[in-house]
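The first chain written gets the first letter, and so on, giving A, B, C and D; residue counts start at 1 in each chain.
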């Protein structure tokens, strides 16, 4: 077990290194740099900026050095905890991202929990009552969940909330609670805002989970150990929950890690539409304004979270599945 | 309106009673500040106001209180702040964008050669921290702007027409320009004027090594590499976005930052500046509105819904699009708002700028050929575009001063606008495009088909792509191929210095502020992409690609130099009309239609807000419409 | 009788006869597939949509770029197939209703009322301006047309420029579905080659490939898209961009297929028939192409079918972000981009038609792929 | 119906006239088992013998109502003599409390594949504790004690440690022993062993059979032993029932049947088993000609018709009756009721 974890950790570090290079390459890929986008965005509103300001800034920011020099400066800084400065906000990147990342993780974590809470009973029901009306409903519903682009769903939700309830969905808090401390009313306020994004974010994932769970469970339900368990005299629900469901979940546990990048990507667009203070819109903005250290840090951290998530789910899988833990097949 | 007055007199009477104990009869303040004054935290209103406050009146006398809600597009939208809160320079424009009025400067004098401008500051104006605003601050600002380590650029540190400052006394100072600067007052009445009043010496001096030996060490302690970055973070220039991330920065605005703008902010909020130096004629300290709440949203749809839901009190920016108008129109009752009129400063919905400095000699020659441009212009069925894209709003128009402008010239605005394919064909033939290929596309002198690739950023104005798609078919009918290249805005700008474009699309800026922004009338600025290399010859910013302009353009440049040197507005106008005459003769760029009026969302309980206003960057509405006098009923 | 033979354990198919194996396997699969009614229906839906991509010019009543000032945001006319004749009986005579139009200059819009009185007959196989079907076959007949081309013909309504939504959706189908198909083909190619070799050889190559797959999958896709899409050369034409986008999507999409293929290879590697072929001295290439790949073609088809929806969704998401395809290219993504605002939801919901197409096609592809998968392997996944 | 086979004691379980039909939405119903009659007595072992797919496992599972949802017991009864009186298992709902009280406690079952019949992700101990806690209402700790002693009893060395092992950590023989321990955990009255030794090697097989026999002696339970291996039958069974394609074609005392098989299928089975003989005396084994048809191609009459060397006129159309051959030995064959001449005609 220890060896297993060590092996996974070493692989993780190598992956992270590769990711840092790719992350940096991505933010360098688009033509131009922060300052060109800066000029562009100013002049699109009719504003103009003196070219000398730009020249000044360019030298201050160290833009224009070769790729590898910039990369090593960047990664060197990160190793000492310095993610660089955001050009747009002129603040250290670390100051800017934690709040957003925290919101992202909160929302996405809740989305994952919601997903499981919804998908688990439905998936089990669909598998146990295979080809029943409920199964068909779950399947069709699941596919529709997969097929509707989630930003579209968000938009429709916003519009319906306006026309039906006269409510503007958007943001995570009411004005009074934005900077308040966590308290019961604040949690309530948060939930009253967060249900919409959580619903939207978890929709596609729920559908996917239901499908996988149903398929896995169908496989497991055919296994002889289920009959053994029934032969013991266990009630049916206990048979199913303790044995096949438990085994059907194993492959799902290993997908928790993969869920994260998909969720993050999905949440970028949803967050833009619903104006959520998550890492998504900040990433999108920093990528379009080419605020490269900010973008790089977000990409890197999201990837790190994903990789860590994968490692955790691998370890979790090893913990719940003795066959992996003891190196059996 | 009658009712308004009645309600108000009551409010005023109460405040008058409250203030009766004070020495000055009429000066009132918002009840919001009463507690602070009572506790001694704040001096009484009379001591906070200058001896000679600037008196601004709205249509009616207002009452204190309320929050003005609006929406910012993402975190980087400093424009909306400039257009609402931050427009407090030495001078300001009147509501009609005609005259320059005193603001922080009480009076000024201009030397006859338009080189020397002497200003006298309003006595007793205080920064939002209570410190008096004096010529020391002006001197400090000039000093900082001229420091190469401080990344800002404006007329203060201009190299083409250098300026020197002379402080005469605590309230009087003089700007001296090397060359005549006849339009200086108009310049600083616009957004450019915000630079000189943006930095306070007492606060910002502590980040500058000259006034604080430890500036560098302090910067590093605060996590910055050097003092310059720290200074720029704490005291950013003029209206740079991050200025509004620092709630400690003293300002001269009507409101001061409450919740600052930062990368994580869901909103930027402001509260009234207790030291604000404007009153109404009854002596009530302005502004009437206590708070401003700017929702920070990347989602235009959210802002649209907020406005529809009556959660935005006054706004034009971002949401008032052509496409949304029916939506907002229908939502008036539910949202308890109405629509005001907004007159754009842009003259044209779309300007087709053919690259006259094209590297390909064949294209260069063709694009410089006036017959070619006239031919293209006659090939456009403008009325059809207006009907399709703008639901009939607007009229066929060239790139010319708008009817509201003193420089409006019907001939300039209307020439070659009639749709006439026959005439178009004649002109194109005259331009030498007589041969055609199998697809019916005319051939250029080198035998290549006449294909124009136009760069456009549809993300900026979706209707551009609509117009171009229609023009594409119309041009095709006369044998010209138009290829649309819908690109990212960064690329759009990157292509300019490399001269890698046939043509670019933009809106017709300079329809009202023709004098200040004549980019389409002659090669004036980097935005004159139709003659980018000639601009470089004129401005000298990128000498490596500069090219000597054609004679008529040089003549215009010479004339405009005279405009800039002329202090007398009448003479300036005369000279500028000569520039426009050459523009009319040469017809450098092709326009489509007059930019139709836009609209603003005005909550029904918001009073004194303008039912009609211009909209421009240089006239940053609604700020020149004195939002400090608006109030909620 | 066939079924009896297959469950008869004593009869073992002669192993090296890969061709025979494959045919019987595909035949078997088809028979099993036919039992899934939903999958069968979905297959037809998919076939119809792909036919639409081939016949776009023929099916679309008008040119997708043809605008009309008089009919901006015209609501759908629908189409009537039967008319009441003078005798009060019904007769076949397809027609559409005209519009009554008013301009509201204050609200900046036209209001349309469907005019039940006006009947504009619709003709099938109507003459039209000559065009090239799929760019190669010259034709001058369209499926539907009006006698007078100036009359309004908006079965699915019109967009903000008065362009026919039906025609635009039909042309958008071509781009979006071909992106899916081309992208999946490319993914499949990468997936099979890379996943196949990883699974066949195993060892360090396998672990290296799996690390790469893991690595690509742990990158959030949005920045990858953004970076790659923004890095596209400045002066690429629409067509080049289109292929580049497809390539980008498949560069990210191959990992899933590679995993499936690798898994199959790993389990097949130890199967008797592969060992037999190895003992016969067949080359690796021959073993892979003649023995192994045919034995799981069905799985690959199923996996590929299930991968297409992802591509289509990715295309719409990219267009939403303003990357990817841009107007004037007509794709479901760019069409949806026009529909993504409150105004559309409120006043012109028919602009959501491409969104409904996305949902239908993705549903159909998923059901179809699921059916295929079940048919390919009734016992496991 | 009076039992045709007189038994020494009171029968514990009797299956009377049971038929089981598999339904499918796409295909016609398949009658997997038709009119099976079996009787089990305490302390005795009945071996149910037949080829794969003949319905012997289905019959066994029907007793515990463990059949899949698409299987339907159309006719017949399964009477279990519980302590509180006789219960017809067929009348019980599969997931009912009464049924569950029988499963594991009164009647338990061991399966062919000890690897896949045990959950791979739960320890052996956990899986055995569970049944004890369920039926005996013991605490977890008491249950574990019982488990350990059971494991010890079935001959698993180091029982206490092995209780914490996962199935894949044990050898096949040990796994089957664990399985047996689980089945015996609540001292059932009847043990159904569904090919418990098929997946094991020969020595292990012998050990397991020994163990089962010994445990049967210790616990005094009845055993329904399902196998296709006549050698195993000879070793463990008191009675034998031979099944062919859903029909019990012959049943009786194991010695009787082995000595004088009456049904042609039984005869064929016997002759397909190799005997230990000198090489010179060996005869070629005679395999049964043809293959087992699918149940849906089964003739209305005797199922064996298509492969029977003696098949004659009534065979395909008329079902042979249960015909007593001798004391405790019955068979279903027209040959027993018709004369040889008729058969030859």
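Going forward, a contact is a pair of C-beta atoms (placed from the backbone, for glycine too) under 8 Å apart; a residue touches a chain by one contact, two chains touch by 3 or more.
If you're wondering where the values come from, they're calculated on a predicted model, not measured in any experiment.
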Per Cα centroids, the chain farthest from chain A: D
Chain occupying the most central position, where position means C-alpha average: A
Intercentroid distance (Cα basis), chain D paired with chain B, Å: 92
Length of the line joining the C-alpha centres of chain A and chain D, rounded to whole Å: 54
Between chain C and chain B, distance of the C-alpha-averaged centres to the nearest whole Å: 47
Chain A and chain B, separation of their C-alpha mean positions in angstrom: 40
Sites on chain A at which at least two other chains make contact: 30-31, 155, 158-159, 162, 284
Where chain B touches two or more other chains at once, by residue number: 301, 305, 308, 488, 491, 494
Contacts with 2+ other chains: residues of chain D: none
Of chain A, residues touching chain B in the complex: 30-32, 36-37, 39-41, 43-53, 56-57, 60, 85-86, 88-92, 96-97, 99-100, 155, 158-159, 162, 166-173, 175, 178-179, 271-275, 277, 281-282, 284-285, 289-290
Interface residues, chain B side, partner chain C - complex: 300-301, 304-305, 308, 322-327, 329-330, 384, 387-389, 391-393, 458-459, 465-466, 469-470, 472-473, 484-488, 491, 494-495, 500
Parts of chain A lying in touch with chain D, wherever the complex brings them together: 223-225, 227-236, 242-243, 246-247, 250, 320-323, 326, 328
Touching residues on chain C, where the partner in the complex is chain B: 65, 67-70, 72, 103-110, 160-162, 230, 234-235, 322, 326-328, 340-343, 346-347
Contact set on chain B toward chain A in their complex: 74-76, 79, 148-154, 157, 159, 191, 223, 228-229, 232-233, 236, 241-242, 245, 259, 262-264, 266-267, 293, 295, 297-299, 301-302, 305-306, 308-309, 311, 334, 457, 460, 488-494, 509, 525, 527, 541, 616-618
